[in-house]
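One chain, chain A, appears in both complexes that follow, with chain B as partner in the first and chain C in the second.
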Partner chain A sequence: MAAASVSSIWSVVLHRLMAVIPTVLFGTILIFGLVQIIPGGAAEEAAGPEASAEAIAVLREEMGLNRPLHVQYLSWLGNAIRGDLGRSLTDRRNIAKAITERLPLTIELTVIALILSLLIGIPLGVLSAINRHNRIDAAVTSVSGLGLALPEFWLAMLAVNLFALKLGWFPATGVPSVELGWHEHIQSLVLPSLTLASGAAAAITRFTRSGMLEALSSSYIRTAWALGLSPAQIFFRFALKNALIPLVTVIGIITSSLFGGAVLVESVFVIPGLGTMLVTAVLQKDYPTVQSVALVLTVVFVMISLVVDIGCAVLDPRTRR
Partner chain B sequence: MRAPALIVENLRLKLCADRGDTTLLSDVSFEIQSGEIFGLVGESGSGKTLTALAIMRLLPPTIKATGKVIFDGVDLLALPEYQMRSLRGNRIGMVFQEPVAALNPTFTIGTQLICAVRAHHKLSGHKARERAIELLDMVGIPEPRSRLGFYPHQFSGGMCQRVMIAMALAGDARLLLADEPTTSLDVTTQDEIVRLLERLSKDHGISVLFISHDLGLVARLCHRIAVAYAGELVEVGHTDALLQTPLHPYTRGLVRCVPDLTQIGVLRGGIPGTPPMPGHWPGGCRFQQRCPLAGNGCDDAQVTSSLADRTVRCWKSAASVDTASIENTTSPTNGPKNLARNTTS
Partner chain C sequence: MTDTTAARSTHNVDTSEDTPSASIHGWKHLFDGSPGLWLAAVYLLFLAVVALFGPALAPYDPISQNIPNRHAPFSMSHLLGTDEIGRDVASRLMWGARPALLGVVICIVTACAAGIPWGLAAGYLGGRIDQLLMRIVDALLVFPGIILCLVLTTVLGASLTNSMLALGCVYAPSLARVVRSGVLVVRDREFVIITRLYGATAAYRMWRHVLPNAAGPALVKITFLCGSAMLAQTGLSFLGIGIQPPNPSWGQSLAESFRYILVNPGAGIAPGVVVVLTVLSFYRVGDALRDYLAVEA
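After this line comes the complex of A and B, so read on.
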């Protein structure tokens, strides 16, 4: 039986992996299409404002923009699969290389923020549910309400002002690379990841609380009490596992939104991640870069939902086939 | 005479809310002898499940219990929670209705059973596992060793109920509270579960409080029966006596409702109306609004009268207990005929 449940988890993994391919393909069509709709052409941007009409026409031909759309799409897709995302219009840099330089920092920031929000959110949510309708619950609920309401960019500015500029505990901007020292590297990530985690921690607190309350009011938890099990075992083992099932889906959505939030937080803290790259590229109408960053983010999101599905299958035996 | 396994004395339950208190159960008293299967019947809302949960001390904190529940010489209602916890699932087991929902969907039944075993016995993992297999075997689950890895959703309702019973008996149960254990099961499975409970009670000397709304089922299984109506026990007596000569008009109505398979096609008379909800109970006899015999004197507080292992909460029937002219009052003369007409029209 144990072997059977392991193999059924792998079959879930396999099924979801198969579903990833059409999702990503559909994403590439959307990204390619949206960039075509944006006014202004890539050739005009690449040639610069003073370029003559002839120069632009030559450039269009060189960049392959005169080819039919589906040919352009397929060649872009083919190159992307081979890892070639083209060159930036503004500084002619290799986009794939730029992304591989910047993506780790964004992932690091997001993952730290996610871990922080789980470490804060799950215990607070459980605490709140166990102490339902008393002062602890009320306190946790109002703090998490605040966390949900405050926008990240505003929190980020407050944090920079207080902890970096006034108290000088953390650097205000930038992230020194790991080679310059782990300590400095981590220290510079504290403020950005905490601000990024604030909203997510609040949301996870709320969802953990409601999931726990639902589990605690269930018939099987009444059974657990009737069996004379200890409260610790009932809360943290039997109720929490059931509360985590809906939470895993929420965590997936939250992780995706953390990537989105990272764009803002990176801008405030001037962190050379994917977020700042995307913002700069949009402002400079650097279409190939925008397209590429969007593609990478799509793949990241799809991977997150893949992990979520596998997480659900591990936690909830009923979803296995 | 055998000592009672459980004595419930004047058990009262009150729901405390901001808008005021509502009485849910008043003056429930009964005894269960050791090794006895004691039935508690009544309609939904009569307080059957509340009685069992009160014995287990598993009621929500908004419901306050007073009175006495004496088990093993101690009053359970006065025990501190940690001592109560060492009794739950150990000396007193409980089985619920809807067995599939009563088991945790995310753990294998083996894990849940081993947890139940280890809650009250300091056993090594291996020994607890062996004990779990033994328990599954005891409740009649075939190939118990391989079934440990099954999840509740891979079992039928009847199998889940067997697992529930095994878990309830994982400690050293002397008393089993079975709250409608067969209600959600089909008739064949119902019969199997009832026979299982009967066998376990006999083999291990376990007393059982069997709660059901099915008088026919209770009659087949139980030595004695208590009939609950609107938060009170209206009649308690030995099964045969109670069924042959029901004294309380409500019991009489219930007995008449049990289908008789020898007379297929004959519609049995029901009891007109519905039981009053808690907070809307009339003063005096709570059955008077539906009682065919209601008249003067029913508005007064009803005292229970006991004679020869029989308790009844009706002043009219009480008089008949005293004069021992049971047969005359129980033959359906004037009232019940109107009753039958009311329900069939």
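After this line comes the complex of A and C, so read on.
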């Protein structure tokens, strides 16, 4: 057993890249398969209850539903790889084009929220761990508990009410594009990203706190105290570094939960992102759009978890196996 | 409940010869020095009573409109005021308790029905089956619950039952993972292996020994999932995917209040507070169970 030897970072990258393919394929089969189990068939659902048999037949032919399943799957997958996601059932729009218009805004919102939640969560977690069992710790723990239990969209509603409608500091709805001015663009993203970050910030606070407590109770920290290092050095140079490794492993899950929260926050602030697109498509039973958004998100999430895995391998050689 | 008591008593077998009364006594200590836990438990109990008898207790019909009296403020006749078409807010919240808790139950039952056998199989059978099952879990955990749930609801159709079934499927892998690690802890312990000597079947061993020992962590996970399910359910009905109007639900009350935020800005507070208290209570109970079970396990 070569357990002691640590494989090089490139072989880890290669290994993880290879694992991406089956995961994405599994996802595509799932997404494709889901639409097949629609009771009564996708064409009947799309045509509506009053449609004539001829209309359904036309739609079936148009949607390519008369071909064998594996042919349908392969042609759908092949088209998707070439960037053709088909047309929306409701407004005949080119789905791929709509997604490329909307995805950047959702990613922007999510990334800003992630950065904010790290900027809020890590210092609070450290503060809480350093002040273990006193009032500061108790206060931070209660606030983070509340943050975990607050629905982001409700917080968003309250924020719209107070900061947009009463105080008028920020716009209540929409995001003007960058061409209309950076200032307006960023200003309109403040409330959505802050409310979206609330849950993630609370989770990061909890993770940082427990990671710090574990690091602080370890033998190398005791040695550092014995050597007479300053508390600042011990807390930030030694304990925090090790405390952040478990945090990196959950960043992927936190990012994907931010994407989930974005669906709701976008609805409250009427932001034309992927979330509002998905919700509209779900409510209108626009299967091709739902399928395509799900497919794009699958690729996004798999990529996020790939980056996180590689990041972990870079930071912590013990995970390179 | 039978599962939990089984878990307690088998935990105690390892350490001491506890009589049943002693293990009941053990549960009592759960509440020691924790007023927050008492509040959470009392609130959840109150909610359960409202869910069961709410329709009989509610002072008004939740869907009868009284347009001239719309957006009424808090008063003795309408404790929490009225909404945009004059319906009594308190009565709507009381009626909403039933679908809210029912939704959580549907979700949890689905998650258990799929997740527990999944985790048991992975942990107990091991080897390639374990690898395959856990690979699927990892793949599914990459997706945020609410998005998977939206996609599943499109296929199944928008209703409370369907969206909560979908949510249960979404939660199943995370429960499976917890059950699996619980199984791995006890699978190779002497008291499990020895049952082979007197010819117990694998099913018996699983049911009588492995499952009760995995039940502690699973119970903690389930309690937290109840809180998450409540959050997700409110979000889904806020989006209009879940219980359909005019039947009252908390998420929908929030959505309606938001539509009239310019006219009546305070209307979203009461339903939001009800939701937050419910989620907080589930999480508080989960925290307490985790601390309590970890101390002795």
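By our rule, the second predicted complex is superposed on the first by the 301 of 321 C-alpha atoms of A that agree within 3 Å, B and C clash if a C-alpha of one lies under 4 Å from a C-alpha of the other, contacts with A are read in each partner's own complex, and residues count from 1 in each chain.
Just so it is clear, a residue touches a chain if its C-beta (ideal position, glycine included) is under 8 Å from a C-beta of that chain, and two chains touch if they have at least 3 such contacts.
Keep in mind that what you see is a predicted model, and the values were worked out from it rather than measured.
K.L.:
After the chain A overlay, clash or fit between chain B and chain C?
P.N.:
Once both complexes are aligned on chain A, chain B and chain C fit side by side.
K.L.:
Counting only touches as set out at the top, which of chain B and chain C does A:11 meet: first, second, both, neither?
P.N.:
A:11: touches no partner chain.
K.L.:
First (chain B), second (chain C), both or neither: which does A:146 touch?
P.N.:
second
K.L.:
Could you say whether A:173 touches chain B, chain C, both of them, or neither, answering first, second, both or neither?
P.N.:
Once the two structures are laid over each other on A, A:173 reaches no partner at all.
K.L.:
Which partner, once the models are overlaid, touches more of chain A's residues, chain C or chain B?
P.N.:
If we count touched residues of chain A for both partners, the winner is C.
K.L.:
Between chain B (first) and chain C (second), which, if any, makes contact with A:317: first, second, both or neither?
P.N.:
First partner only.
K.L.:
Quick one: classify A:134 as touching chain B (first), chain C (second), both or neither.
P.N.:
Neither: A:134 stays clear of chain B and chain C.
K.L.:
Angle at chain A between chain B and chain C: what is it in degrees to the nearest 10, using CA centres?
P.N.:
80
K.L.:
In the superposed arrangement, does A:66 touch chain B (first), chain C (second), both or neither?
P.N.:
A:66 sits against neither chain B nor chain C.
K.L.:
Who does A:219 touch here: chain B (first), chain C (second), both, or neither?
P.N.:
In the superposed model, A:219 contacts chain B only, not chain C.
K.L.:
Contacts for A:160 in the overlay, against chain B (first) and chain C (second): which applies, first, second, both or neither?
P.N.:
second
K.L.:
Please indicate which partner A:100 is in contact with in the superposed arrangement: first for chain B, second for chain C, both, or neither.
P.N.:
The answer is neither, since A:100 touches no partner chain.
K.L.:
In the superposition described above, what is the shortest C-alpha distance between chain B and chain C in Å? Please give a whole number.
P.N.:
14
K.L.:
Which stretch or stretches of chain B touch chain A in the complex?
P.N.:
Its residues touching chain A are 56, 58, 85-90, 93-94, 96, 98, 101-108, 115-116, 119-120, 146, 148-151, 153, 164, 167-168, 170-171.
K.L.:
Please name which positions on chain C make contact with chain A in the complex.
P.N.:
136, 139, 141-147, 150-155, 157-158, 227, 231, 234-235, 238-241, 254, 257-258, 261-262, 265, 268-269, 272, 275-276, 279-280, 283
K.L.:
For chain A, which residues are in contact with chain B within the complex?
P.N.:
It is residues 1-2, 5, 218-230, 233, 238, 241-242, 245, 315-318 of chain A that touch chain B.
K.L.:
Spell out the part of chain A that touches chain C in their complex, as residue ranges.
P.N.:
Those in contact with chain C are residues 23, 26-27, 31, 34-35, 37-39, 145-146, 148-151, 153-154, 157-158, 160-161, 165-166, 252-253, 256-257, 259-261, 263-264, 267-268, 278-279, 281-283, 285, 287, 290, 294, 297-298, 301-302, 304-305.
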